[in-house]
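Have a look at these structures, which come just after this line.
One chain, chain A, appears in both complexes that follow, with chain B as partner in the first and chain C in the second.
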Partner chain A sequence: MSKHRGGPGPARFRPRRTAPAGTARPKRRGPLAYWRQYLAISPFYLIFAAFSFFPVFYSLYLAFQRWDGMGTMQFVGLQQFRFLWDDPVFWLSIRNTLVIWVLSTVPTLFGALTLATLLHSVRRFKGFYRIALYVPNVTSIVAVAIFFGAVFSNNFGLVNAILGVVGISPVPWLSNPWLIKVVISLLMTWQWTGYNMIIYLAGLQAIPTSIYEAAKMDGAGPIRTFFQITIPIMRPIILFTVIISTINGLQSFSEPQVLFASNAANANLGGPGQAGLTTLLYFYQSAFLNNDYGYGAAIVWAFFVLIIILVAVNWRLTTRGRKA
Partner chain B sequence: MTAVDTARPATGGRRTRRPRGLTAHIILVVAVLVSVFPFAWTIVMATNTTQDIYKSPPKFTFGSHLLENIRHVLNTIDFFGSMLNTVIVATVTTALVLFIDSLAAFTFAKFDFPGRKILFGTLLLFMMLPLQLAILPQFILMSKIGWVGMLKALALPSLANAFGIFWLHQYIQNGVPDELLDAARIDGAGFFRQYWNIALPMIRPALSFLAIYAFVNCWNDYIWPLVVLTDPGHVTLQVELAQLNVGHTTDYSMVMAGVLMAALPLVIVFSIFARGFIAGATEGAVQGS
Partner chain C sequence: MDLSRRGFLQAAALTAAASGLTVACGGSSGSGGTKNGKNLTLWYWGGALSDKVVAEAKTHFSSEIKLTTASIGGDFKQKLTTTLAAGTSVPDITGIKGEDIASFLPNANRFLDLNDLGFKKISSQYLDWKTKLAQTEDGKQIGFPIDIGPTAMFYREDFFAKAGVDTDPAKVAALVSTWEDYFQLGVELQKKNPGTYLVNNISSVFNIAVGQGTQRFIDKDNHFIGDGDHIRAAWTTAVRPYTLGIDAKINDQTWNAAVGKNLLTELGAAWHALDIEQAAPQTKGKWRVCANPVGPANQGGSYLALPKQCRNPEEAFKIISWILSPANDARGFTDAAIFPAAPAAYAMPAMTGPDAFFGGQKVIEVFGPAAKAIKVAYEAPADAAVMAPFMTELTNIEAKGKKPDDAWKDAVSQAKQIARRQGVS
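Right after this comes the complex of A and B.
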């Protein structure tokens, strides 16, 4: 019963017949008989078609054009992608995105699993902990990014002030290429740990206590129980969070955009050395600041391929050994 | 739960359990402090002057400059104007998402019709796609119909909330018994009556979860308003907030007062509905009834 919402296609959708066996009114054939149903789903599908379905394919079409959004479109074939391949800034943005993703996802998921396990084991203040730990996820990225910018500010930030009191000289958090990524990752970790914790907690609560009692009877300690029972049962849920984190984590845009907003007008987007230039930020810059629509479309599509590859890799890693 | 409670004294596990529980509480409290700290520090900064905060060692207590900082924010950006824009868009979007999604979810969960599987499958597939793929064409579309810079351009794309349908679908399948719908059908209730009078009242908890989810998402959205609201006088709160941060000599106390003012409504709303929201999220994540 612990099937999860984002998991692989569940085989449990059993469509109910409109007419139950009791009411002997045979359904007419032909789609027209179902006009009410089609009418009911049509608002969604009309908007979906216009603003999601069509745009996704249109952006693929755009990726093969040269267009500034004003003049005439010019078909250039694979030229945009060839240019992308040789574009050092694009590869820099991919590297930045991957580093930020790893630096944020790993602590987020480990922290979330630890907190969820702890929270599951305690009996008092459960509701309070859940809410207090989830609150970061409800705040806006803009507010959080501004906050982190202030706290990690090179000259006067709180972190450096505290380091100063202890006698450590100021650390250039927002100008060192590595520390920039660390700050962005910390920000994302702070915001997403509570979210994943809630999901893990839901999974833990679905595990019947009798399994744990049986394990205890067999003399398994808490650590052993955790690795031999909790982790295997939670596997589908862990898979879900890994995939959601991959999709979310690779989409870091607002964090660096707001953090280095003072440079938004310059070519130096993404902070000093463009160390915070993520792929989406580069897409934003190309499409909306430089009005290079074709190139922007090529960037998002290349980025999409990257997401697919990473989701597939993660899928393999997380499900490995399952059928052994 | 009760099984554990009764089993514990019998096995004498209490002595070994107690310290572990204490450690758990200590770690959880530390985690809570970390997750709440930014809010507290934002308040400290917003109530002091920037000079006080930049001192070494910095001032750690609340100051008395909050009103002054707020006035400064109101003079720098159109705070209430952008907030009103955000409230309008978020409210309208949420209401429409609830209606559109619940109607579609009800249909998918309880009725069979030709093309049902394919349509639902498309929806699930698109749920996985990064929305950024669509941003550029969405913008082009909006400029073609002349909606760039308008609030309706902001709301429209988010009305097709695939996650909402999927989530409500799961809930309706388990939460609305077929027998009840059959009974209503025998009494002569048509399709839309079954939806409105039977399904909707039964899925109220799921709807309130989705309402908060959609509202918060809309309130906090950044990239799309940034792209589509080109007119500086007509932006949302988040875009306006980011404007505060621009410039090399940032008055952080003032900026933090703005951050605080922007976060406060949402944090209040969330605290009121938090219990139901988190219970709803938990329920949706794990199918068990």
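Right after this comes the complex of A and C.
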């Protein structure tokens, strides 16, 4: 029993519905009183501040400097952004990123929704299917990219070997600008379908079966049920996955980085024609390979603005018609 | 979460151990401040030095110094840059890759001048052009040469023989004394060996053709000269095999699979021999090597440097000059295909022996003279960045069939922009 705290002892144990007149309410405690709790959660915030929050704003500062990573920084104002505006490679990288994003997100989300619906109606081996479909997401992206590189290799790849058996001449998967994007998108689709499927599955399981039963009694077939019941109810979940996929898809970096690795003899990044050069890969090349940290920072900040715009557009598109 | 008490204790102990380890790593080479430290750290990457020599150095100096070595993986330059910028946990001795040395020169004040420590007295033992590349304009020496990458032409003896070409290295070298002779020979060889190609891609030709000159993309006054005649000539040379149809156009990672099958020649540095050997072990004995057309270039080759924070410069310099003494440098060639920067090593038994992969040829007879004949070209800090668009556009020619003239124009305008961005006028 603490002797020093609080009001009169017995009053604390008296059952009461309303505060008796004349008794002061217990004094509100200031935030400092909770220091133990704050201390307990502080590691995350300290690490976050040091390794995420500070670097983010430091990079904004860097975008206005010219810096080689070691020497003295030189303030150049908006010069980096002016360079960016005139830089055809930057715009090429934006185009590449958007194309790869569309080519991967659309099949990913469609595939995920279809798989989730199928899996929802499966009766046996549910756990097995879930794990099997989720595994690609936890596989090392580097290993997967190396594997894809071997499978789609122009001269000695598995895909071309199989096409050869059927009598189709080899397809230049890793040198044609469009096919490069297709291969990267395929890789991303393969990786993210299972992840989105799990989210959709959780959403599907939350829909009460009575709604489906009612639809069945009204004579709705499976396709109609899917489009008129499942999709509208799932809208908030679809919105969530669309936004997450936008953010993930636009950040594609490892896939082209591993598929088209550079080395001393070949400083070329992003594959033939720079067709696989995504914006983040270009940022990496500028900052860390060319030692142009200011320009790299300008690239990512310009790109950040673009992602925000795209997320906003996506939000509007996906929520449209909701109020109607 | 149901975590048993034992599980919790184990996890807690592991976390504590891990953080302790981190602290230990971080603290081991802090900016101690004393200039006669007993502990020195050495950073290098796998294959930069002979591991055997490094291990011996540890015991050799154990009475005065405890040498700790760390083999740093991943992007070495980036890790070193970050550490130097942060100023703590800086290694006492570090490797620097040849292609990165130019970008470290503007920040030479981050390193000790090796001339102050006695490099001047022994510098004549090392190739002059290599030493100069790690020197600032005012003569400060930041890099101690480890190895170099003199280029040569690797060729398939069996394909040559099938086409009725004399396969003796000296004779082949005479046959390919100019680029045009080399390409014409390629056309002939391809006729006799259908499905084969002379070069793997045209970027590799461009790389060597540029390296044969005395000027690169930026001159000493920091002007962009990437649109000059010397680069244009290298470009024209590089495009030739493409127009002649003797270019295999390999720009993805299928080189490994192609090298033992349908490539007639490979242009590359001495260390490239190991790449070929690993990618195509079944072709053992079928390769030979001779001087590449026109003259040698240099590709790669590294340095050791002492960052400013070095805790015991005198001892550190003693260690690196021991590790890189001609005799130990020669052992690097046997252990890890590191081609020494000290010409005295070329006469040592470790290097003069026959190489079974090259059908018993004594490859030093090709690389030794090449090493000494390499010309010095000023390499600006932004050189690698400015060169990149040329490589990209050459790839565009191969992959998309872009017209060489259009590709040249785009490459130059791109390169100019990158140069301007990096402060080159």
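In the analysis below, the second predicted complex is superposed on the first by the 290 of 324 C-alpha atoms of A that agree within 3 Å, B and C clash if a C-alpha of one lies under 4 Å from a C-alpha of the other, contacts with A are read in each partner's own complex, and residues count from 1 in each chain.
Criterion: a residue touches a chain if its C-beta (ideal position, glycine included) is under 8 Å from a C-beta of that chain, and two chains touch if they have at least 3 such contacts.
Since we're looking at a predicted model, the values are computed, not measured.
Placing chain B and chain C on a common chain A by superposition gives a clash between them.
Taking chain A as the reference, the larger set of touched residues comes from B, when chain B and chain C are compared. Of the two partner chains placed by the overlay, chain B and chain C both lie in contact with A:Phe156. In the superposition on chain A, contact of A:Tyr45 is made with chain B only, not with chain C.
Once the two complexes are overlaid on the shared chain, A:Ser121 sits against chain B while remaining clear of chain C. Contacts of A:Gly69 after superposition on the shared chain: both chain B and chain C are touched.
Contact with chain C, but none with chain B, is seen for A:Tyr295 once the two complexes are overlaid on the shared chain. When the shared chain is aligned, chain B comes close enough to touch A:Phe53, but chain C does not. When the two structures are aligned on the shared chain, A:Gln228 is found in touch with neither chain B nor chain C. By the touch criterion stated above, A:Ala143 is placed in contact with chain B alone, chain C being left untouched.
The interface of chain A with chain B overlaps its interface with chain C at residues 69, 149, 153, 155-156, 261, 264, 288. On the chain B side of its complex with chain A, the touching residues are 1, 3-4, 7, 11, 20-21, 24-25, 27-28, 31-32, 34-36, 38-39, 41-42, 45, 53-54, 56-58, 99-101, 103-104, 106-108, 110-117, 119-120, 122-124, 126-141, 143, 156-157, 159-160, 162, 165-167, 170, 178, 182, 185-186, 190-192, 195, 216, 219-220, 222-223, 226-227, 238, 241-242, 244-248, 250, 252, 255-256, 259, 262-263, 266-267, 270-271, 274-275, 278, 281-288. Residues 1-6, 9, 13, 15-18, 20, 22-23, 31, 34, 36-38, 40-41, 43-45, 47-48, 50-56, 58-59, 62, 69, 111, 114-115, 118-119, 121-125, 127, 129-136, 138-144, 146-147, 149-151, 153, 155-156, 158, 161-162, 164-165, 190, 193-194, 198-199, 201-203, 205-206, 209-210, 213, 216, 222, 237, 247, 250-251, 253-254, 257-258, 261-262, 264, 280, 283-284, 287-288, 293, 296-297, 300-301, 303-304, 307 of chain A are the ones touching chain B in the complex. Contacts from chain A toward chain C in the complex involve residues 66, 68-71, 80, 83, 86-89, 149, 153-157, 172, 174-177, 259-261, 264-268, 271-274, 285, 288-292, 295.
On the side of chain C, the complex with chain A involves touching residues 75, 78, 81-82, 84-85, 97, 99, 103-104, 106-107, 110, 203-204, 207, 249-254, 257-258, 268, 299-300, 381-382, 384-385, 387-388, 391-392, 395-396, 398-400, 414, 417-418, 420-423.
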